[in-house]
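What follows is one structure encoded as structure tokens, with my remarks underneath.
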Amino acid sequence: MDVITELTQAILSGVAIGCIYALVAVGFVLIYKATEIINFAQGEMMMLGAFIAFTCSSYLNMPYWASLLTTTVVMGLFGMMLERAVLRPLIGEPVFSVVMLTVGLGIFMRSVVSMIPGWGTQTYGFKTPFTDKFLRHGELVISWDQLAVILLTALLILVLFAFFRYAKMGVAMRAASRNQLAAVYMGISLNRVFSLTWIISAAVGGFAGVLLSPITFVYMNMGFIGLKALPAAVLGGMRSIPGAIVGGLIIGLTESLSGLYLTSGWKDVSPYIILILVLVIRPEGLFGIQAKKKV
Amino acid sequence: MALLQAERMSVAFGGVQALVDVSFDVHEGEVFSIIGPNGAGKTTIFNCISRFYNLDRGVIRVKGKDISRVSPHAMAEMGVARTFQNIELFKKMTVIDNLMLGRHRSKRSNLVSEALFIGSVKRAEIRSREKAEEVIDFLDLQAYRTQQVKNLPYGIQKTVELGRALAMDPEVLLLDEPSSGLNMEETEDLAFWLTDIKEALGITIVMVEHNIKLVQDITDRVLALNFGAVITLGAAQDVLGDPEVIRAYLGEESDFASS
Amino acid sequence: MRFVMKRSYREDIQLFKYRSTFFWYLALIAGLVAMPAISDEYILSQLGFICVYAVGAVGLMLLTGYTGQISLGHAAFLAIGAYTSAILTAKGVPFVFALFAAGIVAAAAGIVVGLPALRLSGLYLAIATMGFGFIIEEILARWESLTGGHRGFYVDPASIGPIVFDTEARFYYLALTVLILTVLVARNVMRSPTGRALIAVRDSEVAAQAMGISLAWYKTIAFALSSFFAGLAGSLYAHKITFINPESFTRLVSIEFLAIIVIGGLGSLHGAVYGTAFIIFLPQLIGFTKGYLPEHLSDHPGLEPAVYGLMIVLFILFEPMGLYGRWLKVKYYFEMFPLYKKDTFRREKKYQKVERQ
């Protein structure tokens, strides 16, 4: 394989995995913007989504698209339940406490999944209509799974974008993330905003999980991959969906390219090195803003 | 001798010109007030002196020294202490601990000596404690000594913040709206304390104030500001009677005229 | 209710508020010293682990609990301390010196990590420290000539002069001594100007600067101090389990330390120790309940982490002040009896962003 082909291949798979990171990062950013909480369990949401989709398609024999839809809906409900039960009581508590809570939640979710019969600690393959189909252009081989990831991600991002731009609830959510008190005065129910934030985040996480399944297969530690989306979100400045996407793509590409050009082991740490370099130069992230306390 | 000199201070945030060519100087031992409507740039002046903002143009001199390159935490060493508009106390600490933090300037110990808590550290702690107690006596804060600041009433919190600034043994005291939120009685206490600080302790006071009566009672000279620019600067009587100043605060008569 | 009449400032800055407290602590120490006489090997081993982890936890408490800087990479400093000590003792350096060196080298690493982190806060700082943790872990794994990489490194047991600490009892005394000294040093630092400055950095950066506290300097000190203790803990750990590899110091260990200080109670040294004891003994507690669980659940390897995660969630939901907070409430209840009010410790909820920063 010549250099150009190798490079293109790496870029494509970098973009594909970058899309996954971007989706998980979007989940992080949504919750952070609305509630200033970092949901360390977002990776586990992704994992749960993957398992649900797997159950749908392998145990319940549902077709791929139905599994995808069901997963998204189920995860949305899960997010709503989670918010109601565990996060709403903590409104007003210091951010650090809530963050630790999500850490504990992630650990709990991971372990419980490992104990459920039929899931457990094994790795499961996942077949989609795109599996084992390839696009060939000369020496270039692109798997349809990867393409599907990129296309479906783009689709979801468009849906989210439209929602936040045009839907009443979407605009309300954006308002609330800027100034909670003012939002309340405008008649926006903060409870509903928080619920919706978690519903969307969980659903997006689950969606990402389904997309990831054919590429990395379904297993209980999938959440660790999601954790790499955190540097992506921070890189993007934790402020906007476009920022999260750019961050995700950068991380994905960095990983892929360092896997190609550097010795193994660098692949896993290179995203963090890039992140630290960026933060040293721009402490607020690429698109973030310096938030200085006004005295 | 002018303790504090500001020459043509100019600062802009985004498109907003917060300060335009503001010049004034503060003489040693005087009480200097800065007045003006909200948004005039008064707190911005303080934040520039405290070095939280950088000036776009102009120079500030403290005791003759240009402070353009001084970092915020070095201003304490230059003898400048301040209070904040929204109270920046260390909420989770007690009153006495807040005051002891005001004594940070006099810290001479290093980490190793503190880890072993040797005699000199102990003695320094006791000395700091004595100084802090002097401030407590001065401001009648004995009853609140060991209480956490976040549990105290607003007026007392403001007093503690004043005390913390005093504990720093400053030469210049910058007070940002010291009387806001205080009732008549508390404001009278404040006036009494400020006069005492000026006369007994010899500290120069610069204050941003809205309470014109307080300004009238204790101030020597006044700077009036509007939209980031100086309206006038001079003796308290003159400035407070100046028609421009009155117009800035109260508006034109025609603003209130009905058809 | 008890009132303390203080007659001098010296009395006010004493370590112990009441005379009786001093005697209680003496009794506690006596009890701890007597432990080996009444415990079996296994319990002693666990107690040894508690002492070692507690030293690391005190470090993290100083950084996160007192100075408010969140670090997700604490395990990396333990790793540095462990490997430093292992390598030095393998070369014949006496243990005491290696222990101290482990602390110093880890502190140096802490300063290196702290420097770029000076301009970061909250979440960004947490992620950056997590990144550092990964990078250091990777470096230790790759630098095979120095650390043996994934093959691991065999460590001699600690020895001071003719005494070799190769039994659980002896190691326990060593670790206990280091822990007591650590707590004393931490306590001294916290009641002196530097300690106050650290808390000031946490509570209001703006006001701290106005007081003459250099944020950069004190944040660096916090990182250095915290890493120093982590290095000590790492060294002790290495000499206890006598075989280390990079897997012993993963991100999960960093999270474990965070869980310790949260469950123990942020902002208290007691909390660091209580939290450690709780986390280390948690598997035992789980073991007791195993008898009541259905067969396939009780033997599952996922049970422990599940309970562990659940504990973190429950503590934050119901006891945010941690174990130390609960102890304070109980003590206060008895002191104020019968005038105790349930809402004495009620947390004030902060709904506005401005108040939370």
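We just call them A, B and C in the order they show up, numbering each chain from 1.
By definition in this document, a residue touches a chain if its C-beta (ideal position, glycine included) is under 8 Å from a C-beta of that chain, and two chains touch if they have at least 3 such contacts.
Fair warning: this is a prediction, and the values are worked out from it, not measured in the lab.
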Handout entry: From chain A, the most remote chain by mean C-alpha position
Key = B
Handout entry: Contact-richer chain pair [B-C vs A-C]
Key = A-C
Problem - Whole-Å gap between the CA centroids of chain A and chain B - result: 48
Fill in the blank from the handout: Separation of the C-alpha centres, chain B versus chain C, in whole Å, is 40
Problem - Approximate Å spacing (C-alpha centroids) for the pair chain A, chain C - result: 32
Fill in the blank from the handout: Flagged in chain A as touching 2+ other chains are 295
Problem - Contacts with 2+ other chains: residues of chain B - result: 52, 84, 88
Exercise for the section: Any chance you could list the residues of chain C touching two or more other chains? Expected result: 206
Problem - Touching residues (chain side chain A, partner chain C) in the complex - result: 32, 36, 38, 86, 89-101, 103-112, 114-115, 117, 121, 179-181, 230-231, 234, 238, 265-266, 268-269, 272-273, 275-276, 279-280, 283-285, 293, 295
Handout entry: chain A contact footprint on chain B (complex, rising order)
Key = 43, 47, 52, 84-86, 88
Completion exercise
Note: in the complex, chain B contacts chain C through residues 50, 52, 71-77, 81-82, 84, 88-93, 97, 100-105, 107, 109, 111, 114-117, 121-122, 124-126, 128-130, 150, 164, 168
Completion exercise
As the complex stands, chain C meets chain A at residues 70, 116, 119-120, 122-124, 126-128, 130-132, 134-135, 138, 141-142, 205-206, 255, 258-259, 262, 266, 296-297, 300-306, 308-313, 316-317, 320, 347, 349-354, 356-357
Fill in the blank from the handout: Given the complex, residues on chain C that touch chain B span 9-10, 12-13, 185, 188-189, 191-197, 199-200, 203-204, 206-215, 221, 225, 267, 348
